[in-house]
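First chain A sits with chain B, and in the next complex the same chain sits with chain C.
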Partner chain A sequence: MAFYEDPLQITFILTAIYIIICMFMVITVEKVMQSTYWLIMMLVGVAVTFLLANSEIIFAFQISIYAGGIAVLLLFAVLLTEHDDAPFPNTLSKFLRATWMQLIIFLVLAVNMIVLILDTVDKPDYLREAGGGTPNVLGDSRIPVYGDENVAGAFEITENYTLFLWDNFGPVIPFLGLLLLAALLGSVKLAIREWDIEELSDEMKAQILKSEAS
Partner chain B sequence: MAHDPPEPHDPGLPFSDLFDFITGERWDPSSATLILIGSFLLANYIMINQLIAPWVERKVMARQQGRRGPMYVGKWGVLQIPADLLKLIIKEDLRPAGADRVGFFISVMIISVTAILSFAPLPWGSQGLIAGNFSIGILYIFAIFSVFPPMMMVGGWASNSKYALLGGFRSAGQLIAYEIPMFISVIGILAVVGSFSLLEITEDQMENGWFLFRYWGFGLIAGVIFFVAGYAETERIPFDIPEAEAELVMGPRTEFTGWRYGLIMMTEYLHLFINSLLFIYLFLGGYDPIPIPLGGVEIFGNEIISPDFAKGFRTNLGVQFVTMTAKIYLLVFVAAWFRSALARFRIDQLLTLGWKIMLPIALISTLFILGIDPEVQAFSRRT
Partner chain C sequence: MAFSIPVEYFLALSAFMFCAGLFGVLTQRNAVRILISVEIMLNATNISIMAFNGLFGVASDQEGWVFVFIIIGIAAAEAAIGLAIFLSVYRNFGEITVSNIFSLREEETS
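Up next, the complex of A and B:
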């Protein structure tokens, strides 16, 4: 069955487009607070993909921990600290100058990841597991989300999902970790700011002058 | 020739048994049709009731304060709330200058949509009267509910008003402080039943009695903590600190007018419903009309109520539906009573109550429930 005949696949593609739009908004909007709520929307979208993959438990934890708990933490941090709005460099040349190293790392990792994914989805094992025919990015769509009487079943589905991901996309996962590290370093570099000594309080000024003198 | 018994319906498919029950014939439409019909019926039932509940609340409060309450629109003022809603919908849509356009819109939409989504796994009777029988049941409701605090903060910030922003902070702090004792107080019950499904939790209570009256009073303690924490989650008097009128006008809701305010008010009553319903399913036996496991009644050897009649009464769909509605309105009455009788807490008192008093008591009651329950003991001996 082609992907456009399967409602599940269409829903997945729509969700994926939604997630990409939200991610784009996160890094391009003007205010940090706006980035935060776009990030929350993105995390909800990710939760929906878990639901589509029949992993209800991961869905519940994704929503309650990431879209709920971590989001509140981020919002408190953003609202209770002083920060510049417009953290995103406003011209392309500035952006490239600030992030050229991260961009290179990102491109290398992204190419690597795409090659690995394309390599995996061509394997006969993967095609068999995904139900033959078209590669099914959502795992086994024959397991219904509805009508799962026993809770053990839900855990089983989650376990299967994890095994499925780990078996088929195992090599990709360390690269994802590296990608996250690169993103973290990039954001630290973007957020770091050179302090002007005139802006500081007298106490701190005295302390800095003392440490410089020593 | 004897007929073969019909194949049972898929237990997860909502409403299939109900339609068999009503029509007397087997009806096998596609699962998508059943889910659509079920969701439509339940959503409408809830929407109509959330228009009646504020009227009941206002009437009860008025009686307790020696007033008459809404009187003029419709018989006994029944149509007052729909009239208010209509007024709100046709009012001019205002957005404060400097408000964040997207945040102002999505906060209201997500808050109201999540409130409606929370009703999906709630069963209204044992015969498939449920919008979606998720295996994660109550976990799903808690997950959906946890999107509420960040969205209140976003709404408060996006309004570009100090009252709204401070209210948003208070709201998020309060919701988090009470979500934790609320969840811990039910862990014992979830472990005893061994399921997150509200359908199975209710079936367990039909067999063994309501959780409120079990475990030598610890069920009662857990129930009271759950009810108070759930009530605090609804942000109503005496827990209405985020919107404390004298200090913060209307808190995070200050700048919302017209249809946005209508949606926010609807969400408030839907939250009252969700928390009441969760309390009913977890502690008051759900759709079970009798609090104890009753086979039949005999007095001096004479059978007053036969076991068959008692079983039929408990499993009758009509009785179960009426029981649910009656229990909800009992809790709406209690909410109105609290609102007219109690004074508001201070923010420090509220957080102290949540973190220092209710959380430890919830932990203790959960540990005792787990210690007392014979099935959990047998399980721990096996392992």
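Up next, the complex of A and C:
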């Protein structure tokens, strides 16, 4: 089926264009703060691609953890530090002179990977490995989420996922908890600051001396 | 009629995002921008894992989701540690431009 006859494919292509525009702005925009805002918009676009791949639970994770938590951390990192805004030189010739090697790496790698992917997915061996069918299972799994006949599909998929995660990959959850706890403690240790009473304002100094005396 | 998205769409988008993130990591000098580019690369990986999960998922078609779950958790930890390191570096150096921070660099012997 041609892509313009399939609403799912059109949606995906529009989302991909949106992601690429946001990504371009993330890398090239002048202010770091604006770059972070564009990153948040890009992360929402990535979440939509997860939704198109039939996984509401990962969509929810992406929105809440990535576009919510991690983006706020990055915003704080931008707010608490100083930046020289201007990622690239203003003129094209200076830009090319400064980044020609990286540009070549980017172009060669991107073209190479995309050609390789398009070449590989057409091979018969690959199709056989993928289960004999055409490799287009995305958006069309056994439990259709957006089908008219099965409105509760989304809940079923999420329930299946949580049961699957808990039964087969049980240790993953405490592992992630430990990892995040270690990251929390490590970042507190790194960011904590030994302060000197002489650095404080007179008002604060008087308050602390008063509390020590009492 | 069953609608579906070919897997190569996902993979091509993922490859392009990964390379653009790599370009950002290689060209930017601000540490926060480098971390943002790394986030783009991690997202590219997530998209390709979702695509391959649709192809090769065996038990419940959801193995790939577990990996995406782990990667999102690890990215959160990485961002937290990154923020703390940036604060520490900023306090000691007054800036977070990575090309100007070279106290770990070996001294040149002439």
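Note that in this section the second predicted complex is superposed on the first by the 124 of 214 C-alpha atoms of A that agree within 3 Å, B and C clash if a C-alpha of one lies under 4 Å from a C-alpha of the other, contacts with A are read in each partner's own complex, and residues count from 1 in each chain.
The rule we apply is simple: a contact is a pair of C-beta atoms (placed from the backbone, for glycine too) under 8 Å apart; a residue touches a chain by one contact, two chains touch by 3 or more.
The model shown is predicted, which means the values in this text are computed figures rather than measured ones.
Enquirer: For A:A110, is the partner it touches chain B (first), chain C (second), both, or none of the two (neither)?
Expert: The answer is second: A:A110 touches chain C but not chain B.
Enquirer: Should A:Q34 be classified as contacting the first partner (chain B), the second (chain C), both, or neither?
Expert: A:Q34 sits against chain B, while chain C stays out of touch.
Enquirer: Of the two partner chains, chain B (first) and chain C (second), which one does A:F50 touch, if any: first, second, both, or neither?
Expert: Second partner only, chain C.
Enquirer: Specify the partner with more touching residues on chain A, choosing between chain B and chain C.
Expert: Larger number of chain A residues touched: C.
Enquirer: Between chain B and chain C, whom does A:L79 touch in the aligned arrangement: first, second, both, or neither?
Expert: A:L79: touches chain B, not chain C.
Enquirer: Which holds for A:G69: it touches chain B only (first), chain C only (second), both, or neither?
Expert: After superposing on A, A:G69 lies in contact with both chain B and chain C.
Enquirer: Touching chain B in one complex and chain C in the other: list those residues of chain A.
Expert: 36, 57, 61, 69, 76
Enquirer: Quick check on the complex: what are the chain A residues that touch chain B?
Expert: 31, 33-34, 36-37, 40-41, 44, 56-57, 59-61, 63-64, 67-69, 71-72, 75-76, 79, 144-151, 153-154
Enquirer: For chain B, which residues are in contact with chain A within the complex?
Expert: 10-13, 31, 35, 100, 102-103, 106-107, 132-136, 139-140, 142-144, 146-147, 149-151, 153-154, 157, 165, 169, 172, 176, 194-197
Enquirer: Provide the residue numbers of chain A that touch chain C in the complex, in ascending order.
Expert: Going by the criterion above, the answer is residues 6-9, 12-13, 16, 19-20, 23-24, 26-27, 32, 35-36, 39, 42-43, 46, 49-50, 52-55, 57-58, 61-62, 65-66, 69-70, 73-74, 76-78, 80-84, 87-88, 98-99, 102-103, 105-106, 109-110, 113-114, 117-118, 121, 129-131, 134-142, 160-161, 164-165, 168-169, 172, 176, 179-180, 182-184, 186-191, 193.
Enquirer: Of all residues in chain C, which touch chain A in the complex?
Expert: So the residues of chain C in touch with chain A come to 2-13, 15-24, 26-30, 32-33, 35-37, 39-40, 43, 46-47, 50-51, 53-56, 59-62, 65-66, 68-70, 72-88, 90-91, 94-97.
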